[in-house]
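Shared between the two complexes below is subunit A, which has subunit B as its partner in the first and subunit C in the second.
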Partner chain A sequence: MDWNCIIRSKLGLAALALSLTAGVASAEELLVGAEIPLTGSLARVGSGMNEGISVAVEVFNKTNGKHTIKVITADDESAPAKAIAAVEKLAGQGVVAITGGYGSNNIGPASDAANKLGLPYITSGGVDDSLTERGIKTFFRINNTAGYRKAMVGLLADMKVKSASVIYSTKEATADLAKDVQKELTAQGMTVGMHAFDPAITDFKPIINKIRLQDKSEVILMAGYENDYVGILRAAKVLKPDVKAMIGVWSLATPKMVADFPDLMPSVYGTALLPFPAEFKSADGKLFADAYKKLYNKEPDYLGQFGYVQSMILFEAIARAADKGTLKKGGVVEELAKTDRETLIGRVRFNDKGDNINFVHRMGQHQNGKIAIVWPSDAATGKMNFPGVPW
Partner chain B sequence: MSELILQALYSGVLQGGSYALIALGLALVFGTMKVINLAHGELVLLAAYMAYMVESKLGLSPLFAIPLALVLVCTCAVLVYFLVSLIRKDRELNSLILTYGIGIILTNAVLLIWSADVRSTSSAWFQDAVVVGPFYSMRSELLFFVVASVLMAGLWWWLSRSWYGRAVRAVSSNRDAAKLMGINPRTTEIVSFVVAGILASFAGVAIFSYGVIQPAFGHALTVKAFIITVLAGIGSIPGVMVGGLLLGIAEALTVTLASSALQELVGMALFLLVLFLMPNGLFGAKARRG
Partner chain C sequence: MYVSKTGLAVIAAAYIAVPLVLGSNNYVMSLIVASMIIGGIALAWALLGNLGGMVSFGHSAFFGVGAYVSALLTMKTGMPVFAAMLLGGVGAVVASLVMLPVLRLKGPYFALAILAYAHIFKIIATEWSSVTGGSAGLASVPRFPELMGFDLSGKIGSYLIILTVLLAFVAAYRAIRASHYGIALRAMHDSEDATRVVGVNSTLLKALMLFVSAFMTGVVGAFNVHYINFLEPDYAFSGLWVTLPIVAAIFGGYRTILGPLVGAVTVYLVDQLIFKSLIPSGHQLVLGALLVAMIIFSPGGLMPLLRKDSRRKHAAA
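So, the complex of A and B:
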């Protein structure tokens, strides 16, 4: 063996050793913070999102092969001050980005805190427009009011109705959505009656009675949460207003509502990404559904899907930044901004404000203990049962 | 318009009965021990979750949960009493912190056991409409309004006619004088906590039967009960009934004549107005003597 050969083989071994070392370094566990309301008034939705985040970790770690993600969860107790504290605590633990957040009033200050700490923040829990109007470069959101508005307005256009009454919670997200819907429907020449309600209200009969005797609208639109929908639908079942449809937004066309309130749900509409029982056609969808069922032994719901999508997008961006060695140099934000891919909620692409410009929701209808997608027509899995109400 | 107002009044009366039932236990303990039990709403919630358990796990009507709720909630109420009685200094103030803490513990225990999901009865019987002329309500609302009225009448009778009821009032008026008359204040206080637990049990089952429950709901119940207790005046049982009805009707009329967004604001405005004009409440000690 000549010297050249020896030197070449030694250099080769050294290069191999270096590449192995580099490989070990790049495959280190990457820490991500999850700031979520697990207690307090938003505990229900926070828990749903948390399930999606856990599924994303499971799927990412199984499929990525190079990097592994570890999520550290901090409960923000559904309170803005605690949300800030949770973000600061997570930053202190060395996370490279934050996923989570629920309620625009919590997400606002939490993402501000993350921005000051230089941490990217991605969410699906706040649709208030002001969140993306702040010009924060580290903030990303996969859904927005516009997507929900388009779905509701689109469904009403298909129904060809001329009047609607909107019952909405005075919470920021629901009030914003209701006003957006009113603006668009009024512009289309529809008569719209608006009925704001305090989130603490439990008896909706006086509101439904006003719609029954004064508004006399063709449909009732509801912008609220599960407890509000139950109250509104019960009041409507008692007073039986002469309407053709009861249409809600989030948390309504879900497997949980099918199971828990079967008598209230027939023919009721709500936003839904997938029919129930869920049909996942894409490979990503099947991975998600399998992991979800394995971890939670139940049908995935929309909260889980949103939590999964936002987290997968973040994990992939982190992995790309780690590969490029820009993890600590703002690389995650850059990679998130470049996101353009098909997901469980449709194509995700962010504008310069961090908002997903492609987001459009779908409308589902409760039909015989199942949920059929009835709008838009190209995604429909069933025919709209119209007119139709639960009573 | 008259049909709207009639329905608002009817809804307000039913809602007021429910409020009064929730507030009675708080008012009784407040009257006896000058202790504001800030965990009262959570005790009501515990009974509501008992009703949920009985319906979802055993497939029985929520009404069958009442005996179970009575045992559990009364036991918890007595435990709260023992913890409060351990306070040696500034009991009125320190008990606020203690019971608030107990409330948080109970809320989180409920969250751990039953998760954060919203729960309510799935019984169609409770939700069926009862229509009498222009008045619409659910069967459960009417049923528990009657139950609340009977319980309030029973409590009023117990306080004014029975030995223990009189003892509660005596301890409430003057603890030392009551002692001189041979009344054991400790036993009397335990009795008032147990009675508060009984009332909370019925209130919880009622809420599950016509409303929606969530772990974080207990705090809102305590706040509502506190408003009514202050409106009523310390220790006044008829005052609690009137306070509850007043609040229920004011809220329903606000929804009908103005906006439901103002409902809670009107409740608080009423609360502040009564405090400003009648610091002892509508039926407080001074007013009753006068």
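So, the complex of A and C:
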């Protein structure tokens, strides 16, 4: 074998090695951590968000064409100390950012731990205002109490009512929302009666009776969770207060409530991103719905949509940072801060505290076993059935 | 106070070997610190049971009060964290004063009454929102400070703090048990009436043990809040601060001083590092089965089992 032949064969091998290396580099998966409650008291909501995260991975990997994302999931067991440990475990496995988190008491310490490790953290699972007041530059949130308050107050403005009674759980998110709503309605000159309840109670008849006999409000607002709504609506169905509407927030205008409590839901309002059955008009929405049905063989719910949106925003920021070569130089945080795009939950843009300044929820109403979006008018899919109550 | 060579070696390993070997692994250090927090409550709970003869389901009250007192003192008055932690313990003692009337109750009646107190404190923390922040809780609670350039809020720093706190508690527990009070308290176990006849004020002694146990739990609660930096009523007064330590104490051997600590560290680490990696959702099942097996085969817990094993080896040698 002459020298030319040797050199040619060496060059050929080198070229082959280079092409293989290049192949490996382009196929390299970007690791993202999902710290999420899959067991414990927040398991149901955590699983819902986790479905959205999985759908985001499916859609991103199919549509991006250049980068692929692999999510490593760590169950935080709905406990703050384990949420910290989960973030630290994921960091040890080489993730470039964290998506997930549910409950402000878990999100706070977990995002703090992520910040110490220099990892961006994005969530939709905690609406406590203190989360965005900590001055943490790596923290991002796509929803907040203000968005729920705007939706409730906006609906009441359309109804042109003058008085409301608010029944609210003393839990952090519900109490915050109830007080925010009260402040804004009072500022608008409305009469507002406040009725707090301990999360452990199940009999709401004394509160409903008080509203019926003392407040005599035009509408009842409910800030609670599934079991609370069921208890309040059952009590109201028995006592039949003379109100024009029963309005709740999260976990109420959902396909699950339609299926489980058909007798309690007619004409009841709750926050909803989409009507049921879901109608997706945008290309992104159709991609999400198709992937969701393929993976889970059911209609998507709001938890899945939030999980999807927060994760897609994160994945896109990671991809942009990877393109610029700033992935390990704080590039993901910079790219997240620059986010400005239409999503399934509306336009997302973060302020300098990492909060989505555009977040406004929509209000849905249970109508004939379906859910119609009735506020705001530009997103409405049906006409508001007002006045209307389940009894 | 006498400390055996093995004891000294274990203490030296805990202070030197653990930070050196595991200090760079944030995840494992995080689990160790969390397990020691459970261990601290388990120790305080076992002390009340062993020396005071009382079974408590309400230690979350002391944990929560200690956490709130320490967090509020540092946030509202700017008090240094360590001083506030001690006052967190004192706060828990003050909280235990209102429980004195139930000291005359026995067995399940005492356990349930103290559980009710825990719920009352949770409601106070929720409703007294002008001070406690209500259900929204307190965010950005001050961390542990730097000491001569060493950041105590880091994993190693936090570990060394809780280790020191627990060793101080163990020393206090041993001293009490070896004292005249300890003898009287153990005698009360056999017959409270008989000890009363010989002039022992059993109610006073039980109250003192309640104070000591409350103080310890309060300090651990205070440590936890400066470690986690966040506090809200549901978390501070969670039932988990009762159930997990009881499981740990029974697993390790609640009749011994070190049993609750060994039980907490073993149960927590084995569950999180081994069972959880094998069964990500549902690993608690294995832990439950293990606890049942331990109660059946060694009702005294892990520590007596280890001692029996070591004695057998010595005898064979």
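General remarks:
Just so we're on the same page, the second predicted complex is superposed on the first by the 365 of 391 C-alpha atoms of A that agree within 3 Å, B and C clash if a C-alpha of one lies under 4 Å from a C-alpha of the other, contacts with A are read in each partner's own complex, and residues count from 1 in each chain.
We adopt the following convention: contacts are C-beta pairs under 8 Å (C-beta built on N, C-alpha and C of every residue); 3 or more make two chains touch, one makes a residue touch a chain.
This one's a predicted model, so the numbers in the text were calculated from it and none came from an experiment.
Because the two structures share subunit A, they can be overlaid on it, and in that overlay subunit B clashes with subunit C.
Touch criterion met: A:226 reaches subunit B, while subunit C stays clear of it. Using the contact criterion defined above for the overlaid structures, shared-chain residue A:100 touches neither subunit B nor subunit C, since it reaches no partner.
In the superposition on chain A, A:239 makes contact with subunit B only, while subunit C stays out of contact range.
Residue contacts after overlaying the shared chain place A:270 against neither subunit B nor subunit C. Residue contacts after overlaying the shared chain place A:202 against subunit B, while subunit C stays out of touching range.
Once the two complexes are laid over each other on the shared chain, residue contacts for A:170 go to subunit B and to subunit C alike. Applying the stated contact rule after C-alpha superposition, one finds that A:390 touches neither subunit B nor subunit C. By the touch criterion defined above, A:39 lies against subunit B and subunit C together after alignment on the C-alpha atoms of chain A.
Counting contacts by the rule stated earlier, residues 39, 170, 198 of subunit A appear in both its interface with subunit B and its interface with subunit C.
Here subunit B touches subunit A in the complex through residues 3-4, 7-8, 11, 14-15, 107-108, 111, 115-120, 122, 124, 127, 129, 136-138, 210-212, 214-216, 220, 252, 255-256, 259-265, going by the rule given at the top.
Per the touch definition, subunit A reaches subunit B in the complex via residues 39-41, 43-44, 46-47, 78, 170, 195-198, 200-203, 205-207, 209-210, 213-214, 226-227, 230-231, 234, 237-240, 256, 260-263. Residues of subunit A touching subunit C in their complex: 38-39, 75, 79-82, 84-85, 88-89, 91-92, 104-105, 108-109, 112, 117, 128-131, 133-134, 170-172, 174-176, 198. Partner subunit A is touched in their complex by these residues of subunit C: 25-27, 30-31, 33-34, 37, 123, 126-127, 134-137, 139-140, 224, 228-230, 232, 234-235, 240, 272, 276, 280-282, 284.
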